[in-house]
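Two complexes, one shared chain (subunit A), two partners (subunit B, subunit C).
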Partner chain A sequence: MLTRKQLWRAARDALLYVSLCTVTFIVCFPLIWALSTSLKPKSEIFATPPTLVPRTLTFENYEALLTGRQQYYHSGPQTAPSGPTPAQFFTRWFVNSVIVTAGSTLISIVISTLAAYSLTRFRYWGRSVVPYFSLLGYMVPSIIFVFPLFLMMVRLELTDSLWSLIFGYVSITLPFCMWLMWAFMRSIPIEIEEAALIDGASRYQVFRQVVLPTALPGIIAASIFAMIVSWNDYLFGRVFINSLDNLTLTVGVMLFFEGTHVDWGLLMAASVLMTVPMAILFMALQRHLVAGFGAGAVKG
Partner chain B sequence: MRRLHALLSSDRAVGLLFIAPFVVTAIVFMVYPVVEAIRMAFYSYNPLRPDLSAFVGIANFEFLFSDPLFWDSLWQATVWTLLSILFQTILGVGIAMLLHRALFGMAFFRGLLLFPYIVPTVVIALIWRWIFNPEIGVVNYSLLASGIIREPVYWLSTPTMAMASTIMLNVWKYTPFVVICVLARLQTVPLELYDAAKVDGAGFIRRFIDVTLPQLREVLIVVIVFRTIWTFNKFEEIYLLTKGGPGTSTFNLAVYSFEQSMASLRLGVGAATGVVMMIMLLIGSIVYLRITKFGEEVR
Partner chain C sequence: MEVRLERINKRFGAVQILKDIDLVFPSRKFVTLLGPSGCGKTTLLRMIAGLEDITAGKIWFGERVVNELAPRDRNIAMVFQSYALYPQMTVRRNLGYGLRVRGTPVSEIDTAVERVARILEIDHLLERKPAQLSGGQRQRVALGRAMVRKPDIFLMDEPLSNLDAKLRVTMRGELRRFHLDLNATTIYVTHDQLEAMTMSDLIAVMHHGVVQQYGTPAEIYSKPANLFVAGFIGSPPMNFLEGEISNRRFLVGDGSLPLPALQVEANAQKAVLGVRPQDLSRAPAAGQDTITGTISLVELLGSEKLVEVQLQNRKRMSIQLRADAFVEMGALFHLRFDPQRLHLFDKESGNIIPASN
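Moving on to the complex of A and B:
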């Protein structure tokens, strides 16, 4: 027999989980709806009443994006526009996004790891200023320095190249990678390194075999944040790149909106494909992500 | 031991070698652009005719302060920021309390609730335009079908609703940030405090006001200041959803700066707007530092 107290507690827990599920559903609904739309054939996308679970499952939107076939983009009520369509560039943009994200993250992480090690293990003038300088750096919104940076790229003749984006993203990700790596390195006890040095290991060996493995969780957290920021950015891609060939996903997909007919199925498929890489990263490394939030090193 | 420390700090060459890439990169890609942005604010600069660039003193700022759109943008940015932060804080604390309570499956829910943070703003803006589409969007359909509204709501094409839609997008995306920070703090609140309050006969609401809120005070101040600074300067969340429209009804300073630079090719005016934003940012940061220092004294 349940006592009254147990009943009361069960009811309270039930209410708790019901409200949690409701909140979770509301939070996830836009994404669920996007996924659902992307898997529907044209006729069902505009059906009333709308269906959450597609009655007919189709992968034609994904196929159109991945193979770049034109007919799906042109199959609307409007006459077909001549020239290339955004769907034809999708895989290319995807590769571009991967290149600039990987490139800028790699540069930021290498630079900030080396710098954090130096700041926490050596003594010289100004070493206490650098982390706070970085903190200030990631407060400055990118809209302020995107145009000066663009003019600099013009002078370096790097505009419309992926290099301009890689350098641009280094300038936004480096400050908080620096801050996070510094906070992390500072928390690693120095004694192990001292022991290794006494045992006759070289500075280089200590760094590679002792410091790097211990700093790995921090490196992972910083990398995830850097990747999210670079992958999701729109502003730099919009300002730096002019040619269709060199666009990244975020700027490219917004081009799907040009013209009179918007293909919602295709757009939602593109949205899903853009979210998937970060979602996989996020799920695989969620533990580290939460740790990073805790360190306060989040840009957003 | 002391000799060892001396050894560690003596080989300066290695230390300086390791910090050098950061210093160089920071100067070239962080310091220089910001200094250049400040310099540009005092120049007239048209990217199509760089040869005509000239020092104009404070003319860009005069232009700015006499432009009604600048003041509109400032006001709209303020409304946008205040409402976003208000909802983010209330929802953030609420969801954090829920997550804190649930023991079984909490990791699962936490994972899902953090998800919006990693979704690209472009994707959210696209999805928003799709589900809030007045004719074929699912939101209007549901509201009409359930009888809450009689006529379709024009979410993105009337000034008030466009503002509301951008706020919703912002709240949806950044509430997880508040949840994480509050949740981390909640987990360190000593349980004895609640037990004591229970013994004193305090109900759920009294316990929340008298025990939980005071404990959350510091983390909330930090979160609110940080989020205010960032929200005030957001660009993509507004531009991608409404392009600042309809008309200029959702312009904030970042969108204003972008439009001045990109559409009107007045890079000097855009940079001057940036300088105004930086000054506000600086004030915000000083407030933040004051507050955190204040917190230390109390402790």
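Moving on to the complex of A and C:
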């Protein structure tokens, strides 16, 4: 027999889970809807009443994006457009996004890690104010930076190349990454480096074998920031790039809206594919992030 | 290996932290740097380790001046106050790191690590990370990391200060044993005089960046060189009375006490008399060598009783009696001073006024 107290507790738990599930569902709904739409045939997308779980499952949207094949003959009276379609460029844009995200993140992280190490471990003029000044840039909306940066890219003859985006993203992610790494490095006790020096390590070995692994959670946090900014950026991609070949996903996907016809299934499939790599990356890195923080203790 | 400090000075900017330190740490001895917080012990130890620049002076390891030698080339090991374990490495890798970076073959590293882990009784913790250890276990790992390489010189900076009182007592004995096993010159830093007294062959008492006295624990306890050492060593602390030396007696307030023969007899010299609570005794009645006061506080310490006696000049003296001694608050108390167990210090300089024997 359940006692009153046990019943009460069970009811409370049930209520808790129900409300948690509801909130989770609401938060995830746009994603779920996008996923659902992307898996529906065109006839079902506008069905009334709308279906959350597709009645007929189709991968034609994904197929179209990944193979670049046109799908227009399915969709009623329209004739296939004469020019190239966004779907044909999807893989290309995807690769571009990966390149600029990876490139700019890598550059930002390398520079900011080294800079933070120097700022926390060596004495020179201005070393205490640099981290604070580095944040000033974020007080200004980035639209203000875009055109001066664009003019600089013109000078450097880098416009319409992925390099312009890589450098652009580095310029907006580096200061914050550096600040983050600085705050992190500051919390690493200098004694563990000194212990390594006494143990027989060279300066370089100390950095490679002791400082970097200890700073790993910070590096991961900074990388996540840099990747989010670069992967999701629209403004720079829009301004710096003008050939279809060099667009990134964010700007490219907007082209699905052009013209009179919006292929929602295709658009949603593209959105899902855009989200997936980031989601996977997060899940993989999050574990490191937490594990790293737990291992930081030095004192008893 | 003998370590010799020759007129070592250290300045941070304009602040002089260490002044003309001259010390010899004899080979294989356990030497303690003892002093209050901020007196420069850690700084001196770090200079010996090569982690801190030397403003002036020379450090010798045996026949060699090591001022310019990198820490890794000094064949030293150091236990930091914070332990400074490598947080992302397991205990096994922490212990073996010093051998690994020096290119020791893996099989040798394993043997050495396991030997040390067995001695320190941490062999069941080898696969854990430092965060998963207790304070005492971390401390052992830090010790083990230092022992594994067979250093010539073993440096320890307050390794016991993060442990609880009981563990600290056990570890004192163990550290002493490790020292004997290790056959290295040990330089140990602490601000705890009891630690210093129980573990050391020699103690250097430091204050304000100056070595106040350097000697065996017995010397430092029984013949303190100055007021600072006298007050710093011993528990409960030494009693001090200000007065004047006159005709081989010490005049204090309205009483006077007999003094031992002094090396240089003095007259009308302002002086401070020091006497340990253990060296005072109770006289049944007032006499030539007593001062009288009233009992103002009684503390039972277990096997002893600490009695505080307030003199006429309101000065308080503490005396240690057996726990079963009968004392009553507010009662008269005659303190007997043994002339052979008094310490006299010059009031101006604070230095000892030596007795003649």
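Operating definition for what follows: the second predicted complex is superposed on the first by the 267 of 300 C-alpha atoms of A that agree within 3 Å, B and C clash if a C-alpha of one lies under 4 Å from a C-alpha of the other, contacts with A are read in each partner's own complex, and residues count from 1 in each chain.
Basically, contacts are C-beta pairs under 8 Å (C-beta built on N, C-alpha and C of every residue); 3 or more make two chains touch, one makes a residue touch a chain.
Because the structure is predicted, anything quoted here is derived from the model rather than measured.
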For this session: Return first, second, both or neither, reflecting whether A:Phe167 touches subunit B, subunit C, both chains, or no partner chain.
Result: first
For this session: Have a look at where A:Val210 lands relative to subunit B and subunit C in the superposition and call it first, second, both or neither.
Result: second
For this session: Please indicate which partner A:Gln286 is in contact with in the superposed arrangement: first for subunit B, second for subunit C, both, or neither.
Result: first
For this session: For A:Ile192, select first, second, both or neither according to whether it touches subunit B, subunit C, the two together, or no partner.
Result: second
For this session: With the two complexes superposed on chain A, say which partner A:Gly200 touches: subunit B (first), subunit C (second), both, or neither.
Result: second
For this session: For A:Thr275, select first, second, both or neither according to whether it touches subunit B, subunit C, the two together, or no partner.
Result: first
For this session: Determine, for the superposed model, which of the two partners subunit B and subunit C contacts more residues of subunit A.
Result: B
For this session: Overlap the subunit B and subunit C contact sets on subunit A and report the shared residues.
Result: 194, 197-198, 294, 298, 300
Seminar exercise, completed: So, in the complex, the side of subunit B touching subunit A is made of residues 4, 7-9, 11-12, 14-19, 21-22, 25-26, 29-30, 32-34, 36-37, 40, 47, 95, 98-99, 101-102, 109-124, 126-128, 130-131, 136, 138, 141, 145, 172, 174, 177, 180-181, 184, 229-230, 233-236, 240, 254, 257-258, 261-262, 267, 270-271, 274, 277-278, 281, 285
Exercise. In the complex of these two chains, what residues of subunit C are touching subunit A?
Worked result: 49-51, 70-72, 74, 76-78, 80, 82-89, 97-98, 101-102, 129-131, 134-136, 138-139, 145, 149, 162-163
Problem set entry | Residues on subunit A engaged by subunit B in the complex (per definition of touch) | 16-17, 19-20, 23-24, 27-28, 30-31, 33-34, 37, 46, 48-50, 107, 110-112, 114-115, 117-119, 121-124, 127, 130, 133-134, 136-137, 139-145, 147-149, 151-152, 167, 170-171, 174-175, 178, 190, 193-194, 197-198, 203, 228, 231-232, 234-235, 239, 249-250, 253-254, 264, 267-268, 270-271, 274-275, 278-279, 281-283, 286, 289-290, 293-294, 298, 300
Exercise. Taking the complex as given, what residues does subunit A use to touch subunit C?
Worked result: 189, 191-192, 194-202, 205, 209-210, 213-214, 216, 292, 294-300
